[in-house]
Amino acid sequence: MGDLGGLNIMAEQIIFYILAVLIAIFSVLAVTSKHIIRSATYLLFVLLGTAGLYILLGYYYLFAVQIAVYAGGVMVLFIFAILLTNRPGEKVKSERKDRRIAAGITSLAGIAFCGHIIYWNINKVYSLVVPDEQKVQEIGLNLMGTEKYQYLLPFEFISVLLLACIVGAIMIARRR
Amino acid sequence: MDYSSFLQMTEEFSLLAVMVILLVYDIFAGEKSHRYFQPVALILFAAHTLLTCIPREAFNIAGGMFQYVPMQTYVKTILNIGTLIVLLQAHKFLNDDSNYIKRGEFYFLTLSTLLGMYFMISSGNFLMFFIGLETASIPMATLVAFDKYNKKSAEAGAKYILSAVFASSISLFGISLIYGTTGTLYFNDIATLFTGTPLQLMAFVFFAVGLFFKISLVPFHLWTPDVYEGAQTNITSYLSVISKGAAVFVLFTLLVKVFGNIISDWQPILYGLAVVSITVANVFAIRQQNLKRFLAFSSISQAGYILLAIISGTALGMASLVYFVLVYMFSNLAAFGVLSVIEQKTGKVQMTDYNGLYQTNPKLSFVMMIALFSLAGIPPFAGFFSKFFIFSAAAQQGFYVLVFIALLNTIISLYYYLLVIKAMFLNANENPIEKVTSDFPAKISLVICTIGIMIVGIISTFYNQIAVFSFSM
Amino acid sequence: MQYTLLIILLPLISFIVLGFLDSNLKPKVAGAIGATVLGIITVLSYYTAFEYFTYHQIAGVYEKVIPLHVEWVRFTEFLHIDLGILLDPISVMMLVVITTVSFMVNIYSLAYMEGEKGFQRYYAFLSLFTFSMLGLVIATNIFQMYIFWELVGVSSYLLIGFYYTKPSAVAAAKKAFIVTRFADLGFLVGILFLSFYTKTFDFGVLTSGDASVFASTAGVSFMGISGMSWAMGLIFIGGAGKSAMFPLHIWLPDAMEGPTPVSALIHAATMVVAGVFLVARLFPVYEVYAPEVLHGIAYVGAFTALFAAVIACVQTDIKRVLAFSTISQIGFMMVGLGVSGYGGHEGLGYMASMFHLFTHAMFKALLFLGAGSVIHSIHNNELNHMGGLRKYLPITNITFLIACLAIAGIPPFSGFFSKDEILSACYKFSPYMGATMTFIAGLTAFYMFRLYYGIFWGKEHKHAHTPHESKFAMAFPLVFLAAFTVFAGWIPFGHFVTSDRANYDIHLDYTVAGISVAIAVLSIILATIMYRKESVVPQKLASCFSGLFKAASHRFYIDEIYIFITKRIIFKHVSTPIAWLDRHVIDATMNGLASTTQWTSVKIKDFQSGQVQQYAYVFLLGTLLIAGLVLFF
Amino acid sequence: MDILNNMLSGQVPIEAYLGVSLIMFFAGIYGFLSRKNLLMILVSIELMLNAADINFVVFNRYLYPGQMEGFFFALFAIAIAACETAVAIAIIINIYRNLTSVEVGELDEMKE
Amino acid sequence: MNFLSLFVLVPALMMMGLFVSRNRKQIQFVTATGATLLMILSGVITFMYLTERAVGNVAEMLFTADTVWYAPFNIHYSVGIDGISVAMLLLTSIIVFTGVFASWKIDPLPKEFFLWYCLLSIGVYGFFISTDLFTMFLYYEVALIPMYLLIGVWGSGRKEYGAMKLTLILMGGSALLLVGILGIYYQSGATSMNLYEIAKTTIPIQAQYYLFPLTFIGFGVLGALFPFHTWSPDGHASAPTAVSMLHAGVLMKLGGYGAFRVAIYLMPQAAHELAWIFLILTGISVVYGAFSAIVQTDLKYINAYSSVSHCGLVLFAILMLNQTAMTGAILQMLSHGLMTALFFALIGMIYGRTHTRLITEMSGLMKVLPFLGVSYVIAGLASLGLPSLSGFVAEMTIFVGAFQETDTFHRVLTIVACTSIVITAVYILRVVGKILFGVIQDEHHKHLTDATWFERISVVTLIAAIFVLGSAPFWISNMIGESVLPVITQLAK
């Protein structure tokens, strides 16, 4: 370690805070925006921000998955659905004001409550190893293994879920 | 890497095989041979039920991600029988013109949710558990919206998916916190690490509400009546019996196996939930006119009763719980069966439509009556025994007041069950529902249910068998 | 003396046969069966009396004979109801009285009730009554007595209500039953008290004089009154009810709604003296352990005698006059018992009372039967519809006169002897008591002759058809009883029935006898002046004492008080409110619970709004709430 | 500057990551409760799921770096989230076909 | 399964027979045969019981049998009888028998009627032969539910209301009971739910303090304990004849029997300590019921309130906790069962003819309906405690027994209870006077016909039973008396 390390760390911190602020702001914007398409865009930013966090934490594979699945898959679905159901430029209605306020207060209370509990109880004794690059091979082996901490069974199982969802979604979405 | 150990999951593989065969059949069979799709499906599924009904030695595979204990075979068999009954009852509905084409999907989706429940039941790891939970609920949403040109059905589907996803998000957040505090997702490891710090408690609550949602306990129940009403009747019965049955069993095992250390914390939670669920559901049920909504509230209050078995956390409670699910399955499916037979024929689901039903349909009325009596816990029907046992299990742990409150509620529940019976037997009606002849599979299903209601209580073998493999902390 | 069982059983059999066959039997046959059975048991009881009084005296004391005794129900180790037959002087005497009068009434009814619908039923009831009454007198224990006591009450109810289509008869029957039932409550509680302390129901044990039986009663007291007084007082209430003592007498005048022979049998000769018999039966207990109660009995008896006599003077219904006369005479008997001591001369009152019971039964039955004969001939009971009937009804006239003389206490008729002994006993007890009773005796003579003259003398009244003397069946009992009345006084009663069951020679106290006879004669003369011919004196007297007259003819408003208590208080202010309470408070609470639940159900329906976001909101709140509760509590 | 320096020296504290995820989570909840458009609600749900994913990853990296459980859970969770979204969107489109609207307020035919 | 189970089996077979019956003739054949069989059976049992006792068998329960049913809960199916059960079985058989004849021509749906009727009798019989808490409770509930349909379908007047009320309130009672039973089982630490096993243990006194009220009230509700009696008037008023008979005649006895067998027997200490509370309640029941009956105008209401009064006496006597009073209580159960059944039978028959039950609308019926009239009078006399009819023996045993308690509280209550015999006389005579005596007012009533043969069978059987019980009570009273002893010994512990 040394200065460079310190600088690295500081840079990492700065990047993190920028990302954190962006994520927070876009999260809020995503759920408050009056235009649905903008809302979706903000969501995309949040997801990208999250992907950024994954990089910061050294999980590049997850970063890739996040980008691929969310930005590539889910957002496309969203955009598609939005275009199908909304006329462009149309503002979407919000809930009644009192309900919004109630929801806001509850959410803030929830943040306060959970934040309080998490902050005071989370284990803060940790020594962060500087993230070394995860080997995809290792991931692949773990994904294909049957020992403890290996994930072949869920991997196989989730395929059933995916298949079922596809079948179900197609059944619902197709005409006749 | 030894994949052969996976072969021990016979139940899952057998079900998967049925699913695959049906999927292939559905896709590739010609118009002509497609007529035999349903009989083949039913026979295959029945065969699966029979083949997998024998308990085996307990085992762990995939490093403890999949944990089998013999009790699970009973639970899965109960779910299988229930599913079979539902499929039998759905036979006619699937032969309708509008649904004929979707039969393959129906079976595939139903069985995949069932498979999800299997994994949920046998999981030894939160990841498996979560995937199982989602597999049991996401395809379920499409089933709820199955009748997609029906506004109600579509609405119900939307409500279900939104609520389910909301619940699973919170649950997922809870799991993440559990992971954060224990550092592992394996049940066996968590059990020792989970000591009840505040964060762990919060994590537990966040996680548990996901299951409470599935079991539809008050106040996590609000989606239930709407979805039950909107979904096609057979799917409603599937939802109310199979899905719920799996969830309560899982709740019990999780509470006992994973969260056993914080028993003094979850017992009060369940206590409160049981009281609130039973009471609120009963009060709501009183004035329901739509029988599906009515049964929805009834099933919520039944869920409250089930908590009495869970709260004890003993082997006795476990056996009583499984037994209760078995009995509840027969009773509720009988009621829904009658409902679906009549609904498919006449489209009537209002209580006033049932006025004077006995004059024209004595057999259906009779089945409905014993089903409701069984739900109300009236001897000599099985419901009496199951209720008695869960009360007994709770009383054994000293929850007398809870038992007492639950019992007082049985008065209210008896009242509304009697309302239906009154409609069928007592109320005069100029134009009762005309004579309805049910199709053969539905008849079989009703006969199975009736026999089940009649003998499962009086013959103690069922309970005693279940009790052999029940376990506790 | 096992055959005495037959005396009981035969009427029962007769009742069962008649009751079951009912209208399948010809009336004549039914009557014949009833009368024959009575005839047989009359003979049997005479024979019993003969045998008993002849052979069962040991050292001058009549022994108690128990020819039959079985345990019926066992309550506790000590307490058990037995059924048996106890023969001692008073029960044997009662056997004679009951069978005789009953036999006469049975014969009389053959003619009197001829052609009535339900003739068979009537005879069945008569048999039932005879059975019950006989059972009562031969009871070996107090509970057996209570049993037959109740049966007697029911037979009385049935017979009073014989004309069940007549509302007044039904009402009278009901009243009789309920009033006596009320009194029986006292009896029952008294029995409970007594038996609890003495650990026995048995008369033999109770009256044996064995003090150890009562040992546990010592020191027992409640509200300042000793336990035995409570017990015996309560038992007396039972007796007072049956024997129509004030204020429980109100049922008896109304009971005259029954057929006249029934009145003669039950409400003059037999059942109404059950109370007297009860006190006599338990006399040793009263005398030793509850003397103040015994005195109370005397005062109650005296007051009742006076009270009833006054009322009898102004009543116009001949049966009612006789009814009040009965009440008054029973009062005499009660006084006799009340003033009596135990044994020898001390026990004079006891003996006199029993004697009076005996003679009174005969002549009062005679009076009633006579009245029945009159009523039968003119179909009316009102005194002002009568008059001058002596021409048409010669036998009735003579026999009635004999009875009147007897009751008035004119020698040598039987009433004189018995009443005189009572008066003697009274004087012995206290001069005031003696004087009062003498005065009442005078009143008795007066109202009896008022009655007699009113019926048979005075202005002749127009009748729908000419009255005529009754048939033989009715005349025979009159003559028979008249003969009895004439001669019964000469029976040396003290040789048979005394308080200590030892012989006692009756001595006439001539002073007492002289005074009472003189007063009786004076009263008769007064009555003769006033009522033999039409006279203005009664009217004048009536207007003179209009208050008293009116009160007396309304029987001193006792009935009104009862009606007030029952209708106003019990019905209106107890039962109706309770019934209201039941429906509108207790039941309403139950219904209220139900409707509250329903109401809640309607009120909270908006909770289930159909809005999925609201569902999620509730979901979230629930989660946070549970988490909060778990964490912070 | 010192303060900033102090703050920035050392590693990013775990609380900061958790704070981000918490904000995201409750923003999602707020959105779920306050938006009327079904798709917007779905957007909110994505936020909630994503927040949980971050938690897993953070915990894994910071507290339990020995195994990759959190990592894999996040991986699977992303897949599941995609499934959910797909099905939900299918159902929403179905709603749109039936009601020509995706307003959640319209979904109240069944209530009480 | 020993032969006692025949009592449950025969009605079950009857149900099967009814199931295959095609017409009314067959239904009548099946029911009459079955009912007669039950009569014979109970006669045989009585005889066997007495013989067994005579040869000196002193076990608490005879003819016991025990089969493990639900092993994890130690639930056994165990049966056995003592003198009390024998008496109750006799009573049940008589009433079931007469009930069958009283509803000989029931309309509509005779088959269903008798099916439910048989189920009801299964419950009652089963309850009386059970010696296991669970089976007792099971049968108890079995007996409750057919009532709803029997009243609801075949009843009259506000039948739905009455049926619902009855069912729910009784269900409430059984809710209390269930908690009580579970509590007893777990607190006693017994290894079986068998009554006699539990009796060998001692339940902690603190537990007894809440378990005793629970069980006692639980059973008391069925025994029309004040203030939980309100189901009785409405329920009885709307029930069909045979159901009223069976319900008032036997089912209400389940309450007293259960209170005796479970509440008192298993929790003697609490019984001693808490009896006074319930004594007051039952004392109120006795007088209150009687007073309420006075002003009623509906025949069935009168009888229902009178049942409240008489059944109150049963519980009252049980709470006196001595042998005599308890024997009296059981006798009173028998007696009340018989006479109230007779009453309801007669009321049903009269109602079937006049189509009214209001006493204000009837008069002089004795003239046209002599048989029914006389029977009614006999029933009335039995009710007001005429010697030689059953009511007398029972009441006297109770009063004598109750009076053995020496303190003022018990004494005063006893005397208060005694007053009921007067009040009873008032309302009985009022009714008899109003409806039977007097002149017929209603023209239609002049052409009524008297009882038919099957009605006569029913009525005569009941009267005969009342008479036998009243005139020859010694054997039954001794039989009961000795069977009460175990409870007394338990109380003396």
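Order of writing sets the labels: A, B, C, D and E. Residues in every chain begin at 1.
Definition applied: a residue touches a chain if its C-beta (ideal position, glycine included) is under 8 Å from a C-beta of that chain, and two chains touch if they have at least 3 such contacts.
Just so we're clear, the structure is a prediction, and the values are computed from it rather than from any experiment.
Enquirer: Which chains sit in contact with both members of the pair subunit A and subunit B?
Expert: Correct list: C, D.
Enquirer: Which chain maximises the distance between its CA centroid and that of subunit A?
Expert: C
Enquirer: Just by CA atoms, which chain is the most central one?
Expert: That would be E.
Enquirer: Farthest chain from subunit B, comparing Cα centres?
Expert: Taking each chain's C-alpha mean as its centre, the farthest from subunit B is C.
Enquirer: Ranking chain pairs by how many C-beta pairs touch, which one is first?
Expert: A-D
Enquirer: Could you grab the centroid distance between subunit D and subunit E? Build each centroid from C-alpha atoms only and quote it in angstrom.
Expert: It comes to 66 Å between the two C-alpha centres.
Enquirer: Cα centroid separation between subunit B and subunit D, in whole Å?
Expert: Centre-to-centre distance between subunit B and subunit D: 29 Å.
Enquirer: Rounded to the nearest whole Å, what is the centre-to-centre distance of subunit C and subunit D, using the mean of the C-alpha atoms as each centre?
Expert: Roughly 98 Å separates the two chain centres.
Enquirer: Rounded to a whole Å, what is the gap between the Cα centroids of subunit A and subunit D?
Expert: Roughly 6 Å separates the two chain centres.
Enquirer: Specify, in ascending order, the residues of subunit C that touch 2 or more different other chains.
Expert: Residues 594, 605, 608, 610, 612-613, 616-617, 620-621, 627, 631 of subunit C touch two or more partner chains.
Enquirer: What positions in subunit B touch 2 or more of the other chains?
Expert: 127, 131, 134, 138-139, 141-142, 145, 148, 157-159, 162, 166, 170, 177, 180, 198, 202, 225-226, 415
Enquirer: Among the residues of subunit A, pick out those that touch two or more other chains and give their numbers.
Expert: Within subunit A, the residues that touch at least two other chains are 95, 99, 102-103, 106, 110, 114, 117-118, 122-123, 149, 151, 154, 158, 161, 165, 168-169, 172.
Enquirer: Which two-chain combinations touch?
Expert: A-B, A-C, A-D, B-C, B-D, B-E, C-D, C-E
Enquirer: If we count contacts the way the header does, which residues on subunit C are in touch with subunit E in the complex?
Expert: Contacts found on subunit C: 71-76, 79, 81, 143, 146-148, 150-151, 154, 157, 161, 164-165, 167, 170-171, 173-174, 177-178, 181-182, 184-185, 188-189, 192-193, 195-196, 222, 570-571, 574-576, 578-579, 582, 586-587, 589-591, 594.
Enquirer: Contact residues on subunit E for subunit C in the complex?
Expert: Within the complex, subunit E contacts subunit C at residues 165, 168-169, 227, 229-231, 233-234, 288, 291-292, 294-296, 323-324, 327, 364, 366-367, 381, 384-388, 392-393, 396-397, 399-401, 403-404, 406, 408, 414-415, 418-419, 421-422, 425-426, 429-430, 433, 436-439, 473-474, 477-478, 481.
Enquirer: Any idea which subunit A residues touch subunit D in the complex?
Expert: Subunit A residues touching subunit D: 6, 9-10, 12-14, 16-17, 20, 23-24, 27-28, 30-32, 36, 39-40, 43, 46-47, 50, 53-54, 56-59, 61-62, 65-66, 69-70, 73-74, 77-78, 80-82, 84-86, 92-95, 99-100, 102-104, 106-108, 110-111, 114-115, 118-119, 122-124, 126, 128-129, 131, 139, 142-143, 149, 151, 154, 158, 161-162, 165-166, 168-170, 172-173.
Enquirer: Spell out the part of subunit B that touches subunit E in their complex, as residue ranges.
Expert: Residues 316, 319, 373, 378-380, 384-385, 388-389, 391-392, 395-396, 398, 400, 403-404, 407-408, 410-411, 414-415, 418, 421-422, 425-426, 460, 463-464, 467.
Enquirer: Quick check: in the complex, which residue numbers of subunit A touch subunit C?
Expert: By the definition above, subunit A touches subunit C via 95, 99, 102-103, 106, 109-110, 113, 117.
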